[in-house]
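Two complexes are shown next, each including chain A; its partner changes from chain B in the first to chain C in the second.
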Partner chain A sequence: MRSWLYTPANTPSRMINAGIYGSDGVVFDLEDSIAPDQKDEARFLLEEMLGVIKADLQRQGIGIHIAVRINGLDTAWWQADLSACLHAGVQLVRVPKVESQADVHRISAYLDQLEAELKLPQGTTKIQALLETPLAVEHAFLIAASSARIVAFSFGAEDYCAALGLRRKEASLALDYPRSRIASAAAAFGLEAYDSVWGFLDDQAGLIEDAKRSRSLGFCGKSVIHPNQINVINEVFSFSAQEIEEAKRIVEAVKLTSSGVLAEQGRMVDKPVVLWARRVLEGRTQ
Partner chain B sequence: MSGVSAGKAQKGDVLVTISEPESNLRLTVTSTVQGLYGRRIEAVCKELLDDLHIVKGHFEVVDQQAFDCVIRARLRCAIARMGGLL
Partner chain C sequence: MKEVLTLKEAIARSGLTSGMRISFHHHLRLGDRVVGLVLDLLQEMHFADLTLCVSSIMGEACEAVLRAVKAGVVTRIETTGMKSPLSEAVLNNEVPHPVVFRTHGGRARAIEEGQTPVDVAFIAASAADRQGNLNGTSGPNPFGSMGYAHADAEYAGYVIAITDFLSEEPLAYQSIKAKLVDVLVKVDSIGESEQVGGGSLRVSQNPTEHLIAERTLAVMQAAGTLKPGFNYQAGSGGISLLVTNLLEQYMKQHALQGGFASGGITGTLVRMAKEGLFHTLWDVQSFDGEAALSVAENSFHKEMSASLYANPNNPACIAHQLDVMVLSATEVDLDFNVNSVSGTDGRILGALGGGPDTAYGAKLTIVVLPSFRGRIPMINKEVNLICTPGRDVDVVVTERGIAVNPNREDLLKALKQANLKPIAIEELMMRIHALTGEPVLPGKEGSVVAVVEDRYGKKLSPLYSSLDTQD
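Presenting the complex of A and B:
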């Protein structure tokens, strides 16, 4: 999954169109983009609209993943959010400000309860954990190990920078560490890792640079806040034609030899390189 | 008691206001597509009010070409909000 488009879950016209811009996924947001006095409106809207949105996308032949970002565990809203999600048929929730195994266990226990009430198979609802604080980054490995519901990490750079007293645009070096740690912990458990949004809509060059940096550190995609950012992100997080050709050559060369190691165009090709080539041909950037 | 509302009077949305919660049920629908869809919007509202056994209150629905699902969501929210005030 290369790109996830955030869309406020209380604007019908934006919700119905969210899937048409070419992102791999849409995150309907109940958190930051929804004012406190509109949380209930958004939940009702999500419950009623999601089926219509899915049917509309299917009619247009658009295959897209749908997630919902709920409010954090430090709010009074997260349980009602999860309830609305499950009633709406949502199977993937993005949970902000996850900091520990205990947080995951708390959410998971409530999902167990909701799934039982709705007679859904236990574990149906998966979680993208949004890691946004230094504590969350330090706990990334433990969080990844805490539940089979966790399928991905997402990084929240804005809050992370704020915790360190940094301005986002001037923090590229400081972000290498949390990004590496999150991507590595995710890879250890076969999870995907999505990088933070780039909030500077007029700075496409900055977006490209930021996305390339996060891909180089092991992320497979990025969240976006505007449709104009989607094509760039999809391109950065896709394999180039050159990479695909190289991967094809490696896989073909391996088929022709019984040796564990060979040379291909001056490069040693051993097991990790073959794994990389197969991953490229499967279209997996992570 | 003053009324409660949900939704917005903007394109693709609908503003639902409930007032006079103790009066007999009354439904007023206005829409930018009144001629084409006025009756349908009214039917969507009545069906939901029936389902929820709502028999009192003045429901004012100002539609700006909302889908049926949006109308239902805004009505349900306004009713829930009114319930919180009763």
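Presenting the complex of A and C:
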């Protein structure tokens, strides 16, 4: 998935249209964009609207992934959030500030309980773990290994920068390390990795630069906070026509040879290159 | 030398009597103060039962006209559009006779043909010279083209020019010639030119409107419209303005040079012409300060009269030479009829403008609108008011789907080939109503408070009083 659009779960007019702008996924947010005194209202609204939203998308022939960002484990709301999600048929939750295996086990245990209550197959609900702190980054490999429910990592650069006392726009170098570590840990377990949002809505050039950097470090997509960022992100995280053409040539050339290694347009093509070509043709950037 | 009188002297000199028809133009848009100045004085001078023939009514002018209606000074209104609070008064049956909504082209035709003989025209000018030549581009409050006032100046029995800038030198740029002007009136201020860009001219940040604009550009591409020399116009709504912005990028990327752009001219279009993206701008109304100044400064930027713009009887009519028109709407029905004046709930929200004129003339007419506003659906079985007949509309673009008029099989095929996935308008309505529910349409049993005329002056559609239909 290349793009995930965050949408506050307390604004019906934005929720109903969130899926139509071309992102690969929508994250309805119960966390940061919802004031503490509106958490109950947003949860209720989410439960009420999700069926309507899915039906509307289906009528339009739009296939899109839906996730919900719940509140963190350090709050009083995360269990109610998870309960609302499962009652609304949500199968993918984005969990903020995951820092350890223990955090994942705690969420998984509660999900086990909810799934049993609702007579859902165990493990139905998947988790995108949002890694936002230096500790989370250091634990990325262990977190990835902690549960089969984990299907993706998402990076939270704003909190990470804050922990290091850095401002986001001045931290491009400092962000290379956590990004690499997260992308690598995700790849080790076949998970997807999505980069942090770019919060500067008027800086489209910065968005492109930031997205290109994260793709070069191994991310397959990025979260966005405004629909006007989606097209750019989808483009950056898609293979170019040139790459697709090259991949086709490689896969075709491999079919015609019995040897494991061949030359294609002056370049040695061995197993890793073939793997890359197959991924390109499958549309996987990570 | 033209005589310079006070407004009161000029009115007295004009021969105006109660029961006559007076006219105004609305190029100052939200910044207009002339309508109020004149109507308040007419009330003081005890005029009554006047017919107001105006190109549109916006901003403070709406309040001024309402005051005049309540005082009995104005009893009939002919316009292309109006806003609150006048619009509510119309629906509440406070105007003694039904309002006549005319298109810009229809208004010019009606004045020229004598269907609407104007007795006294009050023409605001941002500058006048001592000989009586007028323009809208000089002085402290420039508003640009005076396109809608040309017919008034030419055909009215008496022409009173009102300005706040009297030039001792002959005006280098002259929109209306001295021979058409009877007297000059110098006032402290004709209004505020900073508010010319008000009204329906906001540049939208709304992502849904961006999506509709992107799809509209894609429709133009798929239809094969975007060829060298193509002639273009977009209306004044937020989506239309976004389409022009996207078109600018597209034309640059593809090194495409169009023919003319017409209608309301914006700074964006001026920039595009400067960059060679359009050869000519035909300006009936300047939509912002940049365009207002450009019309006198740039040879590619031509002021045009409403008659040249859209009069159906004018053989040179620019609207009939359009390749594509992007049109805003408040409502569309299953026959592709467009309502651009009232909402689904019957409230008066917009204006006819030149929409029906350009829709008739353009080879491709694209209506752009969101599926719903608030919870009110914009595509329904029937529109409350027919402003542009469905036969003149080729395609409707919303964020929830694109519907092609069945009489354009060629276009349907082209959009399918371009993978734009056009759907039947019934399917589009169903998608929308599944979210909003079916609207309760205003009743049609009450008294008629307004009538939409077609371009030729034939009654097209009535609007009914809200008082008679509300519980």
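By definition in this document, the second predicted complex is superposed on the first by the 286 of 286 C-alpha atoms of A that agree within 3 Å, B and C clash if a C-alpha of one lies under 4 Å from a C-alpha of the other, contacts with A are read in each partner's own complex, and residues count from 1 in each chain.
Note that contacts are C-beta pairs under 8 Å (C-beta built on N, C-alpha and C of every residue); 3 or more make two chains touch, one makes a residue touch a chain.
Note that the structure is a prediction, hence the values are computed from the model and not measured.
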Which partner chains sit in contact with A:257 here, chain B, chain C, both or neither? Use first/second/both/neither.
neither
Which holds for A:240: it touches chain B only (first), chain C only (second), both, or neither?
neither
Looking at the overlay, what does A:55 touch: chain B (first), chain C (second), both, or neither?
second
For A:41 in the superposed arrangement: first (chain B), second (chain C), both or neither?
first
Touch check for A:16: first (chain B), second (chain C), both, or neither?
both
Quick check for you: in the superposed arrangement, does A:226 touch first (chain B), second (chain C), both or neither?
second
Touching chain B and also chain C: which chain A residues?
16, 52
The residues of chain B that touch chain A in their complex are 6-7, 11-13, 66-67, 69-70, 72-74, 76-77, 80-81
Any idea which chain C residues touch chain A in the complex?
205, 207-208, 210-211, 399-401, 421, 430-431, 434-435
Going by the contact rule set out above, which residues of chain A touch chain B in the complex?
11-13, 16, 40-41, 44-45, 47-49, 51-52
Can you list the residues on chain A that touch chain C in the complex?
16-17, 20-21, 52, 55-56, 59-61, 226-228
